[in-house]
Each structure stands twice: as structure tokens, then as C-alpha cells.
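Okay, so chain A shows up in both of these, paired with chain B first and chain C after.
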Partner chain A sequence: MKKKLFGDKGLLTPYLYLLPHAVFFTIFAFYPVFKGLWISLHRWDVLSGEKSFVGFKNYIDIFLRRNVPAQYYWEALWNTIQFVIYSVPFLVGIALILALLINSVKKGKGFFRTVFFLPTALTVSVVAVIWRWIFNYESGLLNYILYSLFKIKNIPWLTQQPGAWISIVVTTIWWTVGWNMIYFIIGLQNIPEELYEAAKIDGASWWQTFRYITLPSLKPITLFIFVTTVIASFNLFGQSQLMTGGGPGRSTVTVMLHIYNEGFGTNLRMGSASAMAYLTALIMIIVTFIQVRFFTRSE
Partner chain B sequence: MINHKLKKIILNISLYVIIIFLGIIWIFPIYWMFITSLKPEYETIAWPVKWIPYPPILENYLKILGNPVDTPVFLWFKNSLIAAFSYSFLGLIVSTLAAYAFSRMKFPGRDKYFWFLVSFMTIPGIIYLIPNYLTINTFGWVDDIKSIIFPGLASVWGIFMLRQYFITIPYELDESAKIDGANSFYILWKIIIPLSKPALLTLGFMNFLSNWNDYLWALICLSSPEKRTLPVGIVTLQGRYIHFYGTMMAGAFLVSFPAIILFVFIQRYYIRGVIMTGFGGR
Partner chain C sequence: MFKRISILLVSILIISLLIGPGIAAKKVEITFWNGFTGPDGRYMQNLVNAFNEAYKGRIEVKMSVMLWGDYYTKVVAAVAAGNPPDVGIMHLDQISAYVPRGVIIPLDDLAAELKLSEKDFIPAVWKAGLYEGKRYAIPLDVHPLVFYWNKKLFREAGLDPEKPPKNRTEFIEYAKKLTKDKDGDGKIDQWGTMIPVGWPNFMIWYSIFFGNGGKLFSDDNKKALFNSPEGIDALQFLVDLVKVYKVSPENVAVDADVDAFKRGTCAMEFNGIWMLTAYQEQPGLEFGAGKVPQLGLKGLANWAGSHNFVVFKQRNPDPDKLAAAKTFIGWVSRKSLEWAKAGQIPARLSVLRSKEFKEIPYIGKLGQEIPPHIIFPPLFPKYGEATGPIWDALNFALTFKKDPKKALDDAVELSNKILVSE
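Right after this comes the complex of A and B.
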């Protein structure tokens, strides 16, 4: 007997349910992976309208630092790595401290959780505008507080290093640490109560309980938080673009900002921008892989 | 014994002191934005600073709202609302249909296709900017709100989350409905969807807020002032009023106020979403 294709028991029915997503997925997620690779093998200038196949020339140019954008790419990559190093320990550490604090208070858990989670509801341009104002050189709030409390003269936060990095790191912590805090709170709540009771009976101190029960139980969620935070920090864009404009000099131009400038901002060279994007994606995947290996090896 | 109790009380109090202190620091930038927006410009830059403006003025808000040609805030608001609402609504439909097939139907290649989709979640988003922009360009969607709505529907995250939820709904419900002669769409509409309201609300809200706050993609796709969404509209404001802090803060407050209110009400759905999937949508 021939099986039906359509209708409720039809062979094709499940695929019809998948079809709407598959259409968008194919156009905007599957196809662009290959299209982007294809573009990266071209000289693809929007301004001159030139589109010619050049093979791996864009990649070779980047590696041999043959032109200015290629030289700037490595500089931007190094800037981005610096930001990852400066920001990730705080984004993870402060999140853990906040989660532990919220977990220990008896009243107002929900309220405090909302307070620290709230900034994540803001869009990056608003966050940048607020903190630009706070870090303002002449009349910013921070310089005012520093002057009235410690008689410290105005600091040009956004136009000098290390002030520029400090500003961006502080802003990023304020904006996104709530996410990590939520993950830690959930991780803490998942630790079985019996473990703590057993520790209490054994007369373990606060530190011992923390060191031998809390921390090991948080290991899986910490791996996840670490990996996602490194990726998020690698994607730094809005804060640099809107707060420091990549300056002073080019010291806060990140990879994202550089690729944006190369592809969309000033140069409109999509071929080389695409090559940089693929190279960056590869680096990110490798970094993620190393972290996962590092965390899981010692088990 | 008393000593021990006293120690506990002191510990408790210091705990609250620390968390309240940190809480004030965390809220202060938002307070500062609001307060600055209520000051006349000469007062925003005055030292010593005024912690509470007296009298508060609305001049800065009128300045922004009263200039619909250069800073059409209401248009940006409308654009943001249309984009975020359409995206979250269409996202729910697309993800629900797919998650339903993945969780309740048997068909060749189901698991392979599912993991194929999930594997795409590990691809860094950076490689999508240029090819997707060119696709949008081919469709004639540059500087059009469609560019903010449709590409995100390719996301796999919603399917992943809803599938996790759908498989917890007992299969007996489907079976008994099938005996009564219900077809698959009827089961989805009358059984699965009503029972999945919390998960659907979570996904809807998360999609809404992520679209509402999207910056980089909107910056690339929308160029003319009247087509912009709020996050990029703020940049227009910054270009115009960069040294007018009262006005800037009024703009920032107008943009963030709806998001803040919405967020206070829906954050528990966010947290539920994180618990449901084991990770949030970031």
C-alpha cells in the first residue's frame, strides 16, 4: 500500500512543521557561512564596485601584515585580548561575590537580585551615554567625588590610558555582571542542602564549607560562565565605539570595531573584512576549546 | 553562647551593610541619568553637584520631543516597538512549530537535523555581519525595518529551549487526543501550547528585549534618521547634543524607561528561561 505524503499521518508532515524555520535558517544562518567564506576570497570593494577573485590573498595579507588594515588587525586583536584579560576575572569574581551575598541574606533576595540584574535591560548606547557622563573630564561625577573626598585633580578617564580601559571595564562590569550573577545564584541553589548539613555536623568552618562544598559544586556552571564571558568580552564593540571612539590613539579599537570600520565604516572593503571575521571566529573557537579542555582535564 | 549569638548578629548586619552599599552603587548611574535629565544645562556641569535638582525641569524632554525632524523619538519608539513585537511574535511561531516536530514526532533524520541546528549555536556571530548585510541588500531591505525582524528568525536557541520544555509534557495527553480523532495541529494548539505558557512567555520576552536592545546590526542596517530604532537613535542624539548632558540624559531616559519597567516585571521569566535550558540566550 502506498503511504500518504500529506495529511496528518503523511510522511511530509513533520517536515512541514520544520519548514518555516528552515527557510530563515537557510537564508540567514547556513548560506552566509559559505557566502562569507566566498567573499573573503575576493577583493570586494563597495566604493569602487570591484569584485574579483583573489584566492587566499586577503588571508596572506593579514598574516604578512602587508597593508595598514592588516597591521591594525593584529593591534586590535591584542587590544581585545587585553580587554578579555582585564574584564573576565572581575566579571566572574564579582558575579560570584554578589551571588554569595544574595544567597546569604534572609530578606530581600528578590529585590537585590533585581537591582544587580537591572542594568542588563539597557541597550549599549544608553549604557555608554550614562557612563561617558560619569567619566566626563571636566564635570563628571567620578572626578567630582574623587576631588571632594581625596582632593584628586581631574583625571581624563576616556582620553588617556589606563583610564580608558578602566572606564570600559567598569562600564562593562556594571552592565553585564548581572547575567553571571544569575547563573551563580542558580548554581548555588542547586547544591543539595544535605551537603551543608553534613558539614555543619562535622563542625566545618565557613571557609572549609566554602572551599570543599560550595566551590567544587559550582564547577560546571563556572565553566559555562567562563566560556560565555570570554566570548562576550571578545565581542566588545559598543562600549569602545561610543565611549572612547577606539582611542586614545587606537588603543581601544577592538577586533569587532576594526572589522566594522573595514567592512561598513570608512573603508567598505568587504573581502578583507570577511577574512578578518573568519580568522577571528577561528581564534574564538580555539580559545573556547582550550578552556573546555582546561576545565575538564583535572576531573 | 551569647557571644556566638552576638557574632551571628554582627555578621548579619555587616552582610546587609555591604549588600545595600553595593546596591546603591549599582542603582546610582540610573538615578544620576534621571536626575541630570531634570536639570537645566548650566546646572548639570556645576560644582558642587546638586544631588537633587530643585526645582526639577522638563525643558530637556521638551527639547528632544519637540524636534520631530532631527530627533524623531516617537518614530524611533514606534520602529523599535514594531520590530521587537514582530520579531518576538514570529519567533514564537517559527520556534514552536519546529520544536513541536522535534519533540512529538518521529521522522527520518530528526536527531541528526536537530544536532546539526544546535551545532550552529557555536559559530561566532561575527562572521554573519557581512554576508547577511549583502543578503539584506539584495532583498532591498537596507534602511527598512524588515532587516531588523527577519534575520533573527534563523536562531536555533528558541527551538532548543521549547523542545526541552515540550518533552516534559506527558505523551498520554497526545495519545488520548489522537484516539478522539484529533490531528497533530489540533494537539499542538489545544494541548501543547496551553500547557507551555510559561516557556512561551519566557521566550517571547527574551526575544523582545534582545531585539529592543540590538545595536550593532541596527547600526549597520538602518541609516536614515526616521528609519532608526531607539538604540541607534541615541547615537543620533549624541551626534547632536554631545555636550548637552541634560538633553542627552533625557534621551537616554526616554529610551531606557520602557525597558526598565518591562524588565522589572519579566525578569523572573528570564531566570526561568535560564533554568529551563541550562543557559540564557546570550
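Right after this comes the complex of A and C.
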């Protein structure tokens, strides 16, 4: 029997289904990835369009800290890693607590879910403006409350460390924790009810139920949340740009902010900006790999 | 008979088909990008509408407005994609980054055609649009740093509200009188001034630095010189206002000074002329605006930027569009009195000296007293990148992380590296 090309069992059919996605993936993901790699091997001026092949010079310059942007890159990388360390535990932990609370209420699940998810609908500029007002040194709401309730003198949230990181972390939590919360709620709803019933019959305490049923069942979704949250925190950009302006003293200039300035800002050096981007991507891939290994170790 | 009529009709049809598109094609469309997102955007849109009306059927200008921060990114992307706008607005200190890259074209012929002459422009502005002997920019306006003071608070402190401080001694004296603990709770609630840890402290430092007779870079732009005694003195003065004289609070965030000035808890403030409209719209705020006091030790210098028209180089130049672009720039340039009402100082002396201009509240006065003291930065491609470390130095010093000398020494070291790198 001759095999058909088209139709339900045709040879080409599965590929035709894949085609639309493949086309867009090629144009918007596959091609830019390699084009970017190609750019990173050049001295590439975006405005004049001039380019000359320099091999791995851009990468070597970064590693040997040969110029000022390279010096700034390592500072920015360290700043970003700090932010990841400060923000990820809260972004995951608070999301889990919120999800557990919402899952346990009898009435108004939808209401609370909406309330905590709502801030994610805002753009970063709006969020930054709101929180800049709250954290304002002279006339901010937070300092006002602290002073009138506890007589605590004004705290310079945005212009001194650690205030600047605290402000950015708090703002980021308020803005994005809704996403992780939704993922956890989905994860919680997927845990079979029978497991809890069995635990109840065995007389398990709340903590035991949580420790031996809820947490292990949430493992796959938690891995996903950790990976996406670390990546999102690595991409911190708008909050630093708009709330602290990278200050005090460059301490909140993040990798993305620095790469943006190198490529599009005052410097317009696309080649070295791309090299920095690839280096950062490599670091993120390694971090993600470690996370996956950590989560799948015991299995 | 019928045949004749049909021949006639068909020929009319053919002729009109041939001519029609010809006429329609004569209308030239040009794109005009800028970053006038504030109240100034309305004025520019009105000018563009008036131009489109005046040149109806011949030229149509399509204006796109975006935030200045996005504007340059979008221009870069559009240029890289080979599809830049026809006409754009560019800040003075950006021009020198664009000219050597061949992105904008010389406009000497337009300047000649418009009979623009050095005599009709604020000299500093005129010179700033020249790059290696060629003119690349048609100046639209000047936007200086302005000294704002709250007249009501001046009166309350027993100061003459019509006489702002003129020099450093007076400034400190006034600021001390204006710094008060009004409700007696041990917490100061009215400040003489506010020196922010970020924007626009660079412009304040710059004005004092040039007033001290300082020089940012060597003549060949290969060496940074701003850690000179002039530079250190200027920064020390700003730090002292906070630390020694205690007339400015610590940790003033960006724009916190603006909010405080609006509320009347900051008596004397430095900010761009672009804040003027916002202050005028603030109910109950009675304020004066003038040139920056002479805080430098040698003379009076006033930071200013400038908006300029530029024409972008196209991959396939269209002479019709180029001509239309030049017509448009020329037309707006002659209307700079209208533009002045948007809150900017016109670059043309004939407008500056006109009676109508002098009658515009605030701007009319600022236009007389500031221009003689304007000092524009030296213009070279790395200016933006090489002054970056100064911004950081000011932040380090004003947040007390480094003393002024150390902050500027470190900045010079970075700046020198940037200047000699490829």
C-alpha cells in the first residue's frame, strides 16, 4: 500500500501542524539568537552600520575588564545576583502562603485571587511611580506612618542602601507575586482529594499533611516557578531605572540596564552589548541547570 | 454622434486617470519625530496643524511624539532598520554623536536659504550647531537651568521677594533664614533649598564649575580635567549645603525637590525651564524665576540645553521630501515666538528682543537675563559617555559615600579610560 502524503494519516500532516509555529519561532527566536551571536563577534556601530569582525575580542575585553563598560558589567552582574538572592525567596514563599490561604477560605476565593493578581496588570512605569511616592524620604507615606506611629525618623529608602534594595524588592513582590500565586493555586487544585482524606483517616496533623502531601505534590510546579522567577529577577530593569536611577552610586544598576545603555543608550556599541547579553544568558542557563538538578536529585 | 461623445468621455477618463495620480503624488508626506510629551507637545502639534493648513495639498507633516527616553532608542532602531523619520528634534549634546556616524545631513544650504545668520542667534547656540565647519542643526530653542524661589516664604522670612540672592554668600544667608522648624517639634519642615542626589544636580554642579572657571576636558578631548580645584570646590559647596549649613535635607530623591517646591516646603530650587508650566499651574504657589545665582567664585555661568531640528539621511533620498522637510523647518523656525509660549526660550535674538516675547510671563524675563551667561558643553562624540562618571561622582558625594575630591578623582580616572578607548 502506498503511503499518503496528506490526510489524517499522511506523512506530512504532523509537520504541517508544526509549520505555523516553526515559521514564527524561526523568525522571532531562532534567527535573532544566531544573529545576536554573530553581532557579538563584531565591532558593530548601530547608527553608522559600520562593522568589523573582531572574533572573541568583545568577550576577552569583558573577562579582562579592559574597558570601563566591562568594569561596569561585573559590578552590574553582582548587583543583579544580589537582587535575585533577595527577591526570589520572597516571591516564591509569599506566593505559596497566599495560595494556601486562598485555597483554604470557603468563600470569596475568586475575590482574593483577583485582588492579589490585579497589580500584575499594571505597567512598570505606573508601579514605579506609585512606590516612589510611598518610599519618598521627605513626604512619603511610609516614613509618615513610621514617624507618627513609632517616632522613627525619616528613612532614606531610595537613596541609601539597604533601603534601595528593600524598596525595589518590596515593589517587585507587590507587582509580580500574583503570577506565582496563580501557579501555586493551580498546583494545589491538582492534588487529588483522596490523598488528604487518607491522611485524615491516618490522623495526620496539619503540618504532617503539608509536609508529606502538599509540598511533594507541588514539586513540579515549584521547579517551574523557581526557574521562571530566577530568570525574571535576572531581567530586573524598569524598577531600578525608574525608582533609584541605578543609585545610590551604581549599586542598583542591573545587567539588563547596563546592556541597554551599552547597546542603545549613550554608547551604541552593539557588539560588546551582545557579548554581555550572551555571557549573561550563559550564566542563567547554568543557574537553571543547577536548579533542575537540585529539584530532581532525589528521584 | 453617440460615437463622438463616447470618444470624448473615454479621452476625458484617460486624461484624468493620467493626470489625477500626478496631482495626488505631488502632495509630499514627511514624518517628524520628537519627544515633546509635556504641555509643549500641544504647542508643537498646533504649529504642525497650522503648517499643514498653510501647505494643504502640497505638504503634510505627520508628527509622532514619544518620551525623550524612548525617542533616542527609537531613532537608533529606525536608523539601523534604514527607515528613519525625515525630520527630528535633537538635543545639542546628542548631535556630535550622530554627525560622525553620517546619520544626519548638513543643512548649510537651508541656513543660507532661511537667511539665518550668526547675528540673529544667541552666539553660544549658533556655534553649537556647527560641527567641523558645517551646520547640522537649526536651533529651535534654549532650555536653561532656572533658579526658582517662593515669594511667599521670602516675605515670611523678612526677605525682599523681588530680590533673589545674587552670589554664594547671599545664597547661604537666605537659605539659612528660609530653613525653619515651623511647628517646633524639632524636625525641620521648611527647607532653604534642596540638592537632589540625582537629576538635575549635574546641571547645578556644571553651572558652579563653569562659574569657577573650570574646564571639563582638555582641548583635544583626550583628558578629563574636572577634578581640578574648580570642580572640587563646586561639589564641596553642594555637599556643604547639606552637611555644614544644613539648609538642604539629606537624601533628596529625584523630583522630590519639585514636589517640595510645589507644596511650599522648599524655598529655593534649581530645575529646568521645563518645570515652569507645572509651577504656574500649581494653585497658590507664588514664585519667582530667574538666572542661577553666581555660586561660582569667578563669574556667572548657567547650564542650558537646546532643541534643534535635524534632517535624517535616507537610504534612498527623495528630493521632494528633502525640500518639504526644509520648508517645514524654515516655517517653524520663523514661528519661534509661538514656540516660546510653550515654555522655552527662543534661539533667535530678533524674537528675544521683540515686544511680544518680552510680554510673556516669566519666559519674557528669563529670555533677557539668562542667554548672556549660557555655557554649552564642548561637543564631541564621547561627551555623553565621558560625563557619565560625573553623575556617579555627584551621587557618591551627596550620599556621603565618598568625599568630593575622592569622588571626582575616581570619576576622572574612569572618564580618561573612556576617552582613550576605541
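By our rule, the second predicted complex is superposed on the first by the 267 of 299 C-alpha atoms of A that agree within 3 Å, B and C clash if a C-alpha of one lies under 4 Å from a C-alpha of the other, contacts with A are read in each partner's own complex, and residues count from 1 in each chain.
Everything below uses one rule, namely that contacts are C-beta pairs under 8 Å (C-beta built on N, C-alpha and C of every residue); 3 or more make two chains touch, one makes a residue touch a chain.
Everything numeric in this text was worked out from a predicted model, so none of it was measured.
Engineer: Just from the overlay, do chain B and chain C fit on chain A, or is there a clash?
Structural biologist: By the criteria stated at the top, chain C and chain B clash after superposition.
Engineer: Taking the superposition on A as described, I'd like to know which of chain B and chain C A:Glu138 touches: first, second, both or neither.
Structural biologist: Touch status of A:Glu138: both partners.
Engineer: Between chain B (first) and chain C (second), which does A:Gln160 come into contact with in this model arrangement: first, second, both, or neither?
Structural biologist: second
Engineer: Contacts for A:Gly49 in the overlay, against chain B (first) and chain C (second): which applies, first, second, both or neither?
Structural biologist: second
Engineer: So, A:Gly249: does it touch chain B (first), chain C (second), both, or neither?
Structural biologist: A:Gly249 contacts chain C only, not chain B.
Engineer: Who does A:Thr228 touch here: chain B (first), chain C (second), both, or neither?
Structural biologist: In the superposition, A:Thr228 contacts chain B only.
Engineer: Which of the two partners, first being chain B and second being chain C, lies in contact with A:Ile130: first, second, both, or neither?
Structural biologist: Only chain B; A:Ile130 stays clear of chain C.
Engineer: Residues of chain A touched: more by chain B or chain C?
Structural biologist: Between chain B and chain C, the winner on chain A residue contacts is B.
Engineer: Check the residue A:Ile39 against both partner chains and state whether it touches chain B (first), chain C (second), both, or neither.
Structural biologist: First partner only.
Engineer: Quick one: is A:Val68 in contact with chain B, with chain C, with both, or with neither? Answer first, second, both or neither.
Structural biologist: It touches chain C, and chain B stays clear.
Engineer: Check whether A:Val92 is in contact with chain B, with chain C, with both or with neither, and answer first, second, both or neither.
Structural biologist: neither
Engineer: Indicate the residue numbers of chain A shared between its chain B interface and its chain C interface, in ascending order.
Structural biologist: 136, 138-139, 264
Engineer: Under the touch definition given earlier, write down the residues of chain A that touch chain C in their complex.
Structural biologist: So the residues of chain A in touch with chain C come to 43, 45-50, 67-68, 71, 132, 136-139, 156, 158-160, 245, 247-250, 264, 266-268.
Engineer: Which of the residues in chain C come into contact with chain A in the complex?
Structural biologist: Residues in contact with chain A: 72-73, 76-77, 79-80, 97-98, 100-103, 197-199, 249-254, 256, 259-260, 263, 265, 384-385, 388, 392, 395-396, 399, 401, 414, 417-418, 421-422.
Engineer: Hey, which residues of chain A end up touching chain B in the complex?
Structural biologist: Residues 8, 11, 13-15, 17-18, 20-22, 24-25, 27-33, 35-36, 39, 98, 101-102, 104-106, 112-126, 129-131, 133-134, 136, 138-139, 141, 144, 148, 174, 179, 182-183, 186, 224, 228, 231-232, 234-235, 237-238, 242, 255-256, 259-260, 263-264, 270, 273-274, 277-278, 280-281, 284-285, 288.
Engineer: Mind listing the chain B positions that touch chain A in their complex?
Structural biologist: Chain B residues touching chain A: 12, 15-16, 18-19, 22-23, 26-27, 29-30, 32-33, 36, 44-49, 93-95, 97-98, 100-102, 105-107, 110, 113, 117, 120, 122-135, 150-156, 159, 183-184, 209, 212-216, 220, 230-232, 234-235, 238, 245, 248-249, 251-252, 255-256, 259-260, 262-264, 267, 270-271, 274-275, 278-280, 282.
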